[in-house]
């Protein structure tokens, strides 16, 4: 038996395989398929300060080996989360992490503070890809200043493991990563979706109600891998790799590039068993390469 | 209802006309219980351009043979790839998904299908028939040649045909059938599936007669199991997932549908 | 017969279909396949101030519906271009555009000035995705200031149609586009490749000799389409759409998003006839939609 | 040499062992002229994960039957997808590509193939044979079971076999054949194809004997026709495209290869 355990700041994960926010619901959607005992953790869908209806339909467009989504953070708000959802997910036999979103620093703070009180949520993932309404809609995660301001504010009141999830739609991801780390983030996760667009040529209309949306899936994997590598080189805190992962080889690539753990998103839609297959595949890789612990592979890329 | 992921075996792939075909699929395990109106998410291999699964209604089920069938219209890359699968190949399905038609206790049922919308209705009338209910069925199409598999339907109910060019049955759209313009209307529930304009017209009729109308929607989906929130429809209580709370909805739940005439005129 | 002609600043193109720099060699590589009489134009491979060996092998990695390249501007320099290559390509029966690259503003100037003297090269495409050696390697195209400085310098001495090709690896493409337009660019082309990475998990090594490389192909189409749309909304000069185009539908999508013309890159490798098929397909689309001239479709996306 | 893009028809797909197979492909038009050592870029459908074409050497050509064959080792997604193509399917090829072996006027030729490197060599010895030259051929593999299609080769030349475990022919690597350690060496040219270490070892032998050595390289390619500059090898005159100036190179042209012994010791 190889050692698949991973230490992610204060979190002890059974293995490095987690599910990405917004792609695994609250976990129960996959109850017929996935044995939570076999996952490193799950990141549940985004929670905001109050109820959000999200964007109008259509919210989805398929692209070459990827998809665009324009869900727009549909959720029932933090109070509903605390009262109705938390009780149902708090005893999952895996690490349950909440994804925290907002349009103002105050909203992030409000959600994070309430999350801090939930015993069985040992960590939050701060989704700073949301549009910063006060600064005209550019996402929080696209400038160092706004990424720092939200991280700083939440860090002050959130006492447990704080993961900040970076937006890839930036010129210099390493710079943003460093500035977020400087504000006391315990861990970084990347990448969120890339901003993209789809058009229906026959109708001469955008496919999505919001015109642009977030690109995910294997198409973005090379970009995600590059960003994880760039960030791992400059920050000292652990990095969680996300973007187009659909098999154990992909997962190993992210780990070699510097990820301490990985999240699987869109691939769940195609194969509900994919996370468990990735766990098996990582173990098989360790066997084949005679590596005792997956932790040895973190950042172990051989670059001449 | 428990969902399964199974490799079904293609028993037959029958082409009905230039752009419709029926797949008959053998389940490797005893068929799950299923409601008419539920669907399956089908994994499509062999096409570089198909990334996500594709949703298709369960067209019919045969518990003796342990098979289900899918009635599919070729509209793009995925349906094209499916149209050429061969007998003996495997197709991976997640099923049964969503909520199907709520079957009423009464017997005064009208089932209306337009174009490819007939897909989930065969299983519906089949199930009703098994419960001793013989429904009335209106099927519509452009012309006689496009009226497919009416014969299968006629086993389970009384058929009324409509064609746009009048080459079979009455002439016009399904929603223009003469029964709707008679003073009296015998039905307590309408079940519909087809293009949205047709469903909206059906809903108007139901509204006018003050009866229930259940329609099956075909919103684009990514996951099919309630995880992604991509497939929502606006209901009177906010956005709800078509894949888990539908695809069949009572039109009274749908925002902007079923507007009682009274309300409009007040 | 539908009208496929396109006016691109001073250039009259037979149709909007061109080939992307670095993917169509100097044109003669495709002589057995492509009838140049049928193309709107070709952009030949990058020319720099002097001979460049490019990066070491391996230079290529396949990704999901895309590829990474790390060619590194291998070419024999502007003098060789003027003396040896220009004579062979100057009489092609299509619009021949040179792609100009460099690591310093001076190098861009030197190449552009010599290109200015070549009668049958009516335009240059300034490739500002190259690393700016003076500013520590970030590409010229990733900050407004450096994009402006190279555009301004070249604009002064280049008298014909100046196309500036933008890098997509930025936070705000519209801002860069606007600043380049302000400096007198006649036309913009976008996008160049996205920075990505590939890893060989078995060997635990990067696939490319340079670790990271440029991602092209259908995978990046949604991002390219979004950027063309964003840029078209803010600039007044024509835009050339590039990124993952492999059929007429893709081309029409870019035109609807605001592109006056399009370039086909990686798709040439898979189907050498692809450009001609796209021309045919655009014509068929115009017929089907009863549009008299392709120019009517530019930016004709219906957004509510 | 003019290049063509043609849909070839699969005449047969013969599995040789667990990971090697030979495709025989019928050309829809009279076969182009081809040099041994040239290759084709094959379009692979039906695999989501294969985006670019894949290069394969022309293994042999039969002008009477108007066919070419490809000898392929399954190493990944593309070669796997090709391994299951069926008789009658079409495969789109760009061919003939690159520069092949430069055939010498003399007759003292040694052809050496290791593992999958035998692919282009059959066409080579076949062509030499048609010109009246019977080459000497060393084929090597891990063990007797891995020595494939040696019988085809033996039609065109004198065979010498090598296996790493000694289960057939001499024991050892092809470059350890006893002929190389004899004082005299009869050949004026060595043609080699196989893994790079083997080719480098062959080159050392050629260098030692002061004779010409031509090797076929397998650099990864995107376009195969000289347009992308992805496939370069470092030569004594700078980076050159393997797809247009190779895949066959005289080792004296390759940077870091063929180092005359004299030079090393001076």
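Labels for the chains are A, B, C and D, by order of writing; each one numbers its residues from 1.
Here is the rule we use: a contact is a pair of C-beta atoms (placed from the backbone, for glycine too) under 8 Å apart; a residue touches a chain by one contact, two chains touch by 3 or more.
Given the structure is predicted, the values throughout are model-derived calculations rather than measurements.
> Chains touching subunit A and subunit B alike, please list them.
Touches both subunit A and subunit B: nothing.
> Sort the other chains by how far their Cα centres are from that of subunit A and give me the top one.
D
> Centroid of subunit A to centroid of subunit C, CA atoms only: how many Å?
33
> Can you give the whole-Å distance between the Cα centres of subunit C and subunit D?
The separation of the two C-alpha centroids amounts to 36 Å.
> What whole-number Å value describes the gap between the mean CA coordinates of subunit B and subunit D?
57
> Taking each chain's centre as the mean position of its Cα atoms, how many Å separate subunit B from subunit C?
Here subunit B and subunit C have centroids separated by 47 Å.
> Residues of subunit C that touch two or more other chains: which are they?
61, 63-66, 217-218
> Would you please write down the residue numbers of subunit B that are in contact with two or more other chains?
Touching at least two other chains: 48, 50-51.
> Chain adjacency by touch: line, ring, star, complete or other shape?
The chain contacts form a single closed ring, each chain touching exactly two others.
> Spell out all pairs of chains that touch, sorted by label.
Touch list across chains, by label: A-B, A-C, B-D, C-D.
> Mind pulling up the subunit A residues that touch subunit C in the complex?
For this pair, the touching residues of subunit A are 61, 63-66, 68, 138, 142-143, 169-172, 194-199, 201, 203-206, 211-212, 215, 217-223, 225-226, 229, 244, 249, 252-253, 256-257, 285, 297, 300-303.
> Quick one: in the complex, what on subunit B touches subunit A?
Contacts found on subunit B: 2-5, 43, 48-53, 94, 219-234, 238-239, 244.
> Which positions of subunit B touch subunit D when the two form their complex?
Interface residues on the subunit B side: 45-48, 50-51.
> Under the touch definition given earlier, write down the residues of subunit A that touch subunit B in their complex.
Spelled out, the residues of subunit A in touch with subunit B are 22-25, 29-30, 32-33, 45, 53-54, 56-67, 69, 71, 74, 217-218, 266, 268-273.
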